[in-house]
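In the two assemblies presented below, chain A is common to both, partnered first by chain B and then by chain C.
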Partner chain A sequence: MSRPEGETLLELRGLRTYFPLHSGPLRRLSGWLKAVDDVSFAIRRGETFGLVGESGCGKTTLGRSILRLERPQAGEILFEGEDILAAGGTRLTTIRRDIQAIFQDTHGSLDPRMNLRSLIGEGLAIQGVGRAERDARVEQLIEVVGLRREHLDRYAHEFSGGQRQRIGIARALATRPKFIVADEPVSALDLSVQSQVLNLLSDLQKEFGLTYLFIAHDLSVVEYLSDRVGVMYLGRLVELASAEDLYADPRMPYTQALLSAVPGSERMTGRPRILLTGDVPSPITPPSGCPFRTRCWMARDICASARPELREVEPNHWAACHFADEARAKAA
Partner chain B sequence: MSAQATPDPMPVAPSDALDGIAHAAPAHDFLRRALRHRSFAAGLGICLIITLILVAAPLLAHLNPDAQDPLATFAPPSAAHLMGTDEFGRDMFARVVVGGRTTVLACLGVVVLGGVVGSTIGLIAGFFGGALGFAIMRMVDLLLAFPGILLALAVSAILGPGLVNGVIAIAAILVPVYARLVEGAAVEVRHLPYVDAATTLGASSRWIILRHVLPNVSPGIIVLTTTWLGIAALWIAALGFIGLGVQPPTPEWGAILSDGQNYITIAWWITVFPGMFLALFVVGVNLIGDGLRDELDPTLSRR
Partner chain C sequence: MSAAPAEPLLRVEDLHTHFRARGGVVKAVNGISFDLAPGASLGIVGESGSGKSVTSLSIMGLIEPPGQIVAGRVMFRGRDIAGLDERQIRAIRGRHICLVFQDPMTALNPVYTVGTQVIEALRAHQALSAQAALERTVSLLRMVGIPSPERRVHEYPHRMSGGMRQRVMLAMALANEPELLILDEPTTALDVTIQAQILDLVRDLRQRVNTAVLLITHDIGVVQELCEQVVVMYGGRIMETGSVTQVTDEPKHPYTRALLASMPSRVRRGQRLNTIGGAVPNPLHMPPGCPFRPRCPQAHDACATDPGPRDPGDGRMVACWLYEARR
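And now, the complex of A and B:
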């Protein structure tokens, strides 16, 4: 799936979202957990940007920062050129219409005391849209996501996981957003249901011209839907390329390891499975230099002393590795 | 249920539908559904009967709770005095009926006042948390550390005796109790993903508190309210007993009870009849509370 390069819809510039750590009886500030550490990239209008990485790499925090559910310490999030971190009050409410979310937890993200009509129409109700107009839009939306009008008076707990995710999608669409942060939207679903929800997301993108930030840990799911993919490790973006390039020619050793862990990839690509040793280092005390060096089979002295910047190793293919060219030779 | 008369909706997608779908009645069916809940129906029945007696009896017969008859003191129940008479020869039926109105209204006043103020404080502290929440909850802890009767006495002493002041005094005991319960529940709800979802939709704090947090902490509030409706009656009686609250000769169930206990060995009817009404009232209210708690939670299956 590739599209012509479009204009930028959302751009992150040096985004840093840190969580303060407190210790001791007086809860004194003892350090920072750098969940997102100096991340910059741009998402183009109409594309699906996949964001992958292991649990705890900061991809969810990054999504939550864009949704203004976390407050970043530094950096800018430009949406259509406007820094949304600087927005407040009614301006923020207006921006929120354009940026919506689909959550992983289909159970917890739907209020158990609201029926589908109230759930899906909530965004419109918040905006002050009148009852009749709201009902009309909700009735249209429930069918758009593949459920039926008869379901509108029921409650979320009466539906299966896949159906609940459809409800969540309808709710996100209600305010006619331009951009949707989908945080692991299918990882809690059965395999058979996953593809249905992915197809729905893909259809909706075409129908409504949506742009997605698709966050997942499952690379095969990301490959299916994404135009471009970013790889995160310990709060940093370590590789960024079109989905095709990334899967065919990963330049960062971490990405290579991640891809080789996809079931069946040995057979498909002929590349041997790379088994990483050791655990992910703590994001509270990340390693010096390259964050991946403690588990990297190619690490040398320079990796400990100098942090590799994200650089364009090939047109539109960015990697943060001192040996990105060598890594390619080795993997080939 | 009428919803089942409509045709069963078709599955949406072959493998993604049907499982886990149950029929839920629309919201306007609420009362009808609630009445099928046995304890709710029983509680409502008991409370309706009590209300009927308290409202209708004075309309059907002239009741004077203060009329004394020195020739008929401690008369046992008879056709002339359905519930007997007390030490002044006052008709107990008149006193129970008229006193019941005072008691029921005062109890409602206590839980409404204490509940609204306490829940509001708890919601604010629980939702916003931080330094504000911490400060509020330490105040609540301070109030909770006082024995309830001491708090009520202090407030009564400041405001002076009287039924209204008594209600305020007892509501003051309830405020920290509600605040503590609601704060705990609100903290829990605040961190649930659907609150994030509402924030993403542009909801204000007020919207989230009223539309998401309050409905989801309401089961606890309802149970606490129905429990305290009964306890409030006893507190009002206690205040009356020590000279604050309701002043004699105004009849009130609690006051009649504490008065009648002096004569329980020679005139059981003075305590038994108001006691019976008080107990029935408390039981009825609690049954309603159980039913409401179940019915207001759509995730609890009724089948």
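And now, the complex of A and C:
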């Protein structure tokens, strides 16, 4: 499925999504939480772009910015060449049809008062699709995601977690989207059910030519599903490569530590574990220079004074580290 | 010391823990048995509803109505602790058996400093002066890797990160040097780099205080990191037990095989993941015989009766008719 030189479907340019912080009795603006801080990358048509990182790294905010659920402070999000942040009117309606979402929490994202027919057809109703056409589409979709037509008159709470995730997927597919932001779609599921949903996502991608932004903290799930993978740390994109290259030859020390921390990874990859000391710093007061320098075993003076930009360390392999070449020698 | 085989520290014998529910009885733990030797480590792995957490709560005497241990024994150091009253079990819990839960935020009391809580755990079982208890607490916090423990001892739990709180829980659990430490999903709520720190800490502490570990988790990778032996549970029963290497390298039970084959880390990109058809059966209507039967690709008529533990000839136990009973 991977198309290494495929055409760009969605591109982020210098995206910054900040949250204002208020303090004191007058709730004065006292600073900014830079959840997404100057992130740029492109997602190609038909690929699965995996986005990994630990809690607070900004991966969810990045996804929500694309869905226009957050309002970025600066930057552009180009979808098929047009900035969706500047879009309005009919263009916005089309974008809402083309970009859909699948979330982790099906309890929170599926209205308990709507039956499956209304849940799955809701997007179509908003788009103004007539009743008959809507019903036909919903009946087709329920089978596409592996549920049955007789389920359509039932409610989400009557289904198991895996089935609810299928309902969420049918809902996302209703408007025939081109691009889906999937934020931790399988992390609440048991292993045996998780694999069913992952297979379904692969099948649907082939069948409908979908492009995924797959956001997850589970590194093995991301490796399995993604064509290319981006790693975020404290709001910044710190490494980007094909899944093969990133997992075989991580060049940013943080990525190396992250991959080595996966339980059982020493046995599987033969690479020694890198134990990081301390916690992720607060995103409110991130370190100067490289955000990872406070936990990095390779950090030197330059890491505090100069922020390493994402640079191409190998063809199509980008890393934000002053010492990406040394980091490789160290890991080998 | 005689040459006789060491008596297990913990022996769970045909344990049945049931919950009365609307519409019937949920047999959450339905006849399980296993041993844990002093200083050894055993992982219980299973998906939701397998009964793994109810097993740990049963051992700790924390089953409350409508739940009840209806049959079986929990032998700890040769004594059945399943039938003890609350006062008797309290003398064991926190002193000889300690439990660390998944979520340290709810396990720690938000209105007391972490120091106060560790001191309370210490003084509940040991006669210590206030000064001695404080000193011991600081050294415990240092042992679990909390930086500047003299200062952090006076902090409240909400001021600490998830990883730090889990370190405090471990300090509390180890305060009285228990013979058995039960870890119930200890790292599930943590990020992967913090999880690696905590698992490393538990390994290190085990060597220093020689406590036995019973680890409850859904993550086979975590079992591989910490344990020598593993029990695989499904539908309230044990499907397979053996050494971690045996079970993960060459699973025998069809359930274990299917479970491992559905792990993305074990499959190459582009290949399809194995799936287990259907879902875990309704706990109110568990099928008779093997609970995995309705989803098992190799099920046959015999499976309607319980296969019981069977030895495939390499020292492990598999509850499946595919293997001949020996001995």
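Everything below uses one rule, namely that the second predicted complex is superposed on the first by the 328 of 332 C-alpha atoms of A that agree within 3 Å, B and C clash if a C-alpha of one lies under 4 Å from a C-alpha of the other, contacts with A are read in each partner's own complex, and residues count from 1 in each chain.
By our rule, a residue touches a chain if its C-beta (ideal position, glycine included) is under 8 Å from a C-beta of that chain, and two chains touch if they have at least 3 such contacts.
Please read all numbers here as calculations on a predicted model, not as lab measurements.
Asks: Thinking of the overlay built on chain A, is A:Arg148 touched by chain B (first), by chain C (second), by both, or by neither?
Replies: first
Asks: So, A:Ser55: does it touch chain B (first), chain C (second), both, or neither?
Replies: A:Ser55 sits against chain C, while chain B stays out of touch.
Asks: Does the superposition put A:Glu223 against chain B (first), chain C (second), both, or neither?
Replies: So A:Glu223 only meets chain C here.
Asks: Tell me which partner A:Thr175 touches in the superposition: chain B (first), chain C (second), both or neither.
Replies: The first partner, chain B, only.
Asks: Should A:Gly162 be classified as contacting the first partner (chain B), the second (chain C), both, or neither?
Replies: both
Asks: Which partner chains sit in contact with A:Asp111 here, chain B, chain C, both or neither? Use first/second/both/neither.
Replies: After superposition on chain A, A:Asp111 lies in contact with chain B alone.
Asks: With the two complexes superposed on chain A, say which partner A:Leu191 touches: chain B (first), chain C (second), both, or neither.
Replies: Touch status of A:Leu191: second partner only.
Asks: So in the superposed three-chain picture, is A:Leu67 touching just chain B, just chain C, both, or none of them (first/second/both/neither)?
Replies: It touches chain B, and chain C stays clear.
Asks: Give one of first, second, both or neither to describe whether A:Leu276 is in contact with chain B, with chain C, with both, or with none.
Replies: In the superposition, A:Leu276 contacts chain C only.
Asks: Could you give the residue numbers on chain A that contact chain B in one complex and chain C in the other?
Replies: 160, 162-163, 192-193, 196
Asks: So in the complex, which bits of chain B are touching chain A?
Replies: The touching residues are 3, 6, 9-10, 12-13, 15-17, 19-24, 26-27, 192-194, 196-204, 207, 211-212, 215-216, 296-299.
Asks: For chain C, which residues are in contact with chain A within the complex?
Replies: Per the touch definition, chain C meets chain A at residues 47-48, 147, 161, 163-164, 191-197, 199-200, 218-222, 224-225, 258-259, 262-265, 267, 269-270, 272-276, 279-280.
Asks: Can you tell me which positions in chain A touch chain C when the two form their complex?
Replies: 1, 54-55, 160, 162-163, 190-196, 198-199, 202, 217-221, 223-225, 243-244, 257-258, 260-265, 267-268, 273, 275-280
Asks: Enumerate the contact residues on chain A facing chain B in the complex.
Replies: Those in contact with chain B are residues 64, 67-69, 92-93, 96-97, 99-101, 103, 105, 108-113, 115, 122-123, 126-127, 146-148, 150-151, 153-155, 157-160, 162-163, 166, 168, 171, 175, 192-193, 196.
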